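Some structures to go through are shown next.
Below, chain A partners chain B and then partners chain C, in two separate complexes.
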Partner chain A sequence: MQKHNQKEHLYKLLVIGDLGVGKTSIIKRYVHQNFSPHYRATIGVDFALKVLNWDAETVVRLQLWDIAGQERFGNMTRVYYREAMGAFIVFDVTRPATFEAVTKWKEDLDSKLVLPNGKPVPTVLLANKCDQGIDVLMNNGIKMDQFCKENGFVGWFETSAKENININEASRCLVKHIIASESDPVQSVEPDIIKPHLNSSKIVSCSACFKS
Partner chain B sequence: YLPANVDRRENTLQRKRKEYFAFVEQYYDSRNDENHQDTYRQIHIDIPRMSPEVLRLQPKVTEIFERILFIWAIRHPASGYVQGMNDLVTPFFVVFICEYIEEEEVENFDVSSLPEEVLQNIEADSYWCMSKLLDGIQDNYTFAQPGIQKKVKMLEELVSRIDVQVHKHLDQHEVKYLQFAFRWMNNLLMREVPLQCTIRLWDTYQSEPEGFSHFHLYVCAAFLVRWRKEILEEKDFQELLIFLQNLPTVHWGNEEISVLLAEAYRLKFAFADAPNHYKK
Partner chain C sequence: PAALPPAPLGFTDVNLNSRNTYEVSRRRSAPEHLPHGGGTAPAAPAPSPQEPPEKARHRLGIAGAGSSFAEFFTRNFFTKRTKELKPAVQSAPGWKLFGKVPPRENLPKDSKIIQQEYEARTGRMYKPPAPSARRKNIEFEPLSTTALILEDRPANLPAKSVEEALRHRQEYDEMVAEAKKREIKEAHKRKKIMRERFKQEENIASAMVIWVNEILPNWEGMRATRRVRELWWQGLPPSVRGKVWSLAVGNELNITPELYEIFLSRAKERWKSFSETSSENDTEDAGASVADREASLELIKLDISRTFPSLYIFQKGGPYHDLLHSVLGAYTCYRPDVGYVQGMSFIAAVLILNLEEADAFIAFANLLNKPCQLAFFRVDHSMMLKYFAAFEVFFEENLPKLFLHFRSYSLTPDIYLIDWIFTLYSKSLPLDLACRVWDVFCRDGEEFLFRTGLGILRLYEDILLQMDFIHIAQFLTKLPEDITSEKLFSCIAAIQMQNSNKKWAQVFASLMKDNKEGDKNHSPAPKN
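And then the complex of A and B:
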């Protein structure tokens, strides 16, 4: 039931990364709560909507823009990026080349899109397919933290669309940062560093998310 | 891809099939070379992600598609392999397969039960058909895909003339044609309608001069306007885009495609010869 003092936010989020890293799967898991190993390759852009009851007073509507992984567009990504408020960059932990492409995607994003206050959009890094057990990053958390700091990510998560690991958490983290960057346009948000543990069932926290 | 002259057909067919397998011999081993392995890997990732599901899960089919797409990509360096091309082989492949089986069987047919020689012919024929199709629309797939950008613009222009109301409605809700029609152009509507409909549609494209490049535009316009009632009922950006990206065509058959084609012909004749006719 809509309370009269309820606020509604609408955010456009981009999901980018190399082809076949699982962008579509993550979105389908997040929005439709299901998983199939056989999603068709995304052509152009696919669109999905997720509504979050953020807190008692706030509803957050997320427009998720699932952008095809093959960089063949030239300037077309610019059209898709326009007016986005946040982004996930996804790579596949079983394929190191997709991690190497992460900085390329980040540069592409930052060169084509800035927030109205001139800052880059909050971006969360997703290390997907962490259920596969061939994790090249295992025990490399410190390196990843460093990587995020150096490359301007606000956080990173090991995710699995298949096993539904950390996707909600990653999204909450990103939204938190978007809200923070909106309400406080001048102050910069410190990158938070998350060290997720696969075996822990506890919700992974994100330091800056709970500092208020 | 056969010559018009009936006498030369059999010869050409044999020659082309040989030529294809000569390509395979010449190039296919290079798929793991440094400068080609990216192409091969992309194809390899995409093949299990095409439609329809039955076919792609068969290792024999996967192998054939990988070879076809890799050889094409290597021989067309200006565009290389572009996502979506994998879908463009399927209709030809299925049509050729259907020469050997009943149409209803295609859903659960084990391709590897066909003799090797038959499969090789199907593979070569599918390659040349796809190749011929792509010859006519190469600029769809070169860098930045200028052909697609141009066609999406033309579609927008066309719709703005034939159905101002739909056009304005999309515009008012800030839906951009590129957001839904990119895939219509890139995959030639293959993703928007069931496979049997695609085959029927492309059959007409093949018999039309510039069917895949030019006539397709009128089909897209007719296709969009076909949903005018639903479009006009949707009142926000989100709902509109989700609708346009997931059009309810699951139960479409030949009849719907015939109506669509008739409408497309009507548009073509109304506009093609008189491009300024309906200008405001």
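And then the complex of A and C:
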């Protein structure tokens, strides 16, 4: 049904992070525009598909792989990583331990998955449940920027699946980096190609969108 | 109503007697109770055939051919009045009274009512009906429109001739007869459905008697007999379900209720020390493994509230929240090498719904000690791959077309089987249906879990063949909610667990020997 000159991209995206940080909720919010506090625990992997009309010439289809969070499943779920083009690593701002696990998730991801050009897949860090107002980690954006740079995240966002904060923005940021890394790995990404619609005071810009 | 057997009521009582089956059986039995709710329902249309045709016709002619029971009662209510109308409708001068003529003062008393009826029926064509008339108008709509054929034409048109009027009367009678025939046919159909429902309930009730009086007292002698196995396939009556599961799972581990109490109190102590110190505490002995840490209160707590959330019984403050917590906590102390693994909460929850606490724990521990469950819950990846490989052997054998379709997308069983096997279908199928799968799983063992998976694929084969990778993956990880046990079990029954004369166990054993294949990870790639 697409126009002749339209390009279609299909990207497999992983959504990983500790158990109960809200991976499923983020995906449901992003794809189905709703939220429920009663999602069942994910066993193995769940799936969702999101189609973005990226621009006049480009349609982006995102295959979202919602991967069970228990550390023990590591061996089992790493087969799900294959051929992913990008990833979200999610933690829960109300549970510091889930932030401590972020570096473990990132290392695990990078050790099992690289792009064809040998680079790690673009990964965005999501600080979820920011509606719950615990700013222990978030009170210092500069520290978070630093953390992302050190750990190779292309950006980070405070998100709330419940209040629908920053999820579309985070996705746009990730897709932008995927497209950039795909089309020309050398070319830098302009920071202001996409202006997110800000509807919350809690918006944080994509910290690494100016990375080369 | 006289035909209503006492058995279903007795069955209900038994359900309620068993605390643990109550939650499940309430869900199950709600539809089964429908016949009670409409106790008179199956008999309702019954009087019709015995009714004198004359009377029936008039009843219909005036009251209209409704189909719901409510309308039946309404009709009955009006039957009396219909009788009074009888002469008016039957005699030629009588039905002429229906003509559109200004009210006549000299009409007999009965015809006043007739007039009202008439106005009620025709009112919408000429003038807004009175409120009460409007109500009737709606109820009797279908035939009241038909009956217009009996009326005289409006004054500005030529009047009907006698022949025409007679012909109309004949046509009208035919229409009424046709409607009557239809109604009788539908009544028969309804009766048949009701009879089937009663039969089903009677079957469950009589099955329960057989289980309680014959099978359970002679369990070891009878469990493998053909008769019992067949009865078992039909589904266990909820009231004996927990008991049969317990017996079938067995207690190889020789766990006693006392042992459960010991591990439970140990778990409670641990939780206490966890909440007093921090969960990052390393003061425990050096042997504290990953599993031990995963046994933490937090992890189990997080999952408990996400176990059957729609039932609202395991959430914090719900009636079974603490119970589920206790069983899972005690297990992590009993088997620290396995610890708590996601998926366990669903299994423990289903057992808690069907068994007393200590019995639920004993069944839980023994169930997880079965080779297949142990392989999965220890996340023994190479063993899991063997199970997937065995599954694929029977997949290809039973559903070759779908097998190739999946293969063309590199859609491997780990995409959908992990969820199914880890939770024994309790998360992916409606709970009552999952319990029926558990019934036969207890009878046939692990093989039945994979057979059920193939049954699901068979049930949806036609749809799945039309889908691409992501849609299949989405479909299988979130199955339709309207899946019925009749359809699923007939598909499962059609799955042959026989591969060139090798049964599941033999196929699996030969795969186990074949270690050269090793840990080859077939992994799914995104396909469009």
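To be clear about the criterion, the second predicted complex is superposed on the first by the 182 of 212 C-alpha atoms of A that agree within 3 Å, B and C clash if a C-alpha of one lies under 4 Å from a C-alpha of the other, contacts with A are read in each partner's own complex, and residues count from 1 in each chain.
To be clear about the criterion, contacts are C-beta pairs under 8 Å (C-beta built on N, C-alpha and C of every residue); 3 or more make two chains touch, one makes a residue touch a chain.
All values reported here derive from a predicted model rather than from experimental measurement.
With chain A as the common reference for superposition, the partners chain B and chain C occupy clashing space.
Of the two partner chains, neither chain B nor chain C is touched by A:I142. Of the two partner chains placed by superposition, chain B and chain C are both touched by A:V79.
By the touch criterion defined above, A:V114 lies against neither chain B nor chain C after alignment on the C-alpha atoms of chain A.
For chain A, the partner touching the most residues, choosing from chain B and chain C, is C. In the superposition on chain A, A:K12 contacts chain C only, with no contact to chain B. By the touch criterion defined above, A:V45 lies against chain B and chain C together after alignment on the C-alpha atoms of chain A.
After the shared chain A is superposed, the part of chain C among 112-120, 346-354 or 508-516 that runs into chain B is 346-354, by C-alpha clashes.
Chain A residues 19-20, 38-49, 61, 63, 68-70, 72-73, 75-76, 79 lie at the interface with chain B in one structure and with chain C in the other. Chain B meets chain A in the complex at residues 42, 45-46, 48-51, 53, 56, 82-84, 86, 141, 143-145, 149, 176, 178-179, 182-183, 186-187, 191, 238, 241-242, 245. Across the interface of their complex, chain B is touched by residues 19-20, 38-49, 61, 63, 68-70, 72-76, 79 of chain A.
Contact residues of chain A toward chain C in the complex are 10-12, 19-20, 38-49, 61, 63, 68-73, 75-76, 79-84, 97. Every residue of chain C that touches chain A in the complex is listed here, in rising order: 279-280, 290, 294, 299, 302-303, 306-310, 339, 341-343, 345, 379, 381, 384, 414-416, 418-419, 422-423, 427, 470-471, 473-474, 477-478, 521-526, 528.
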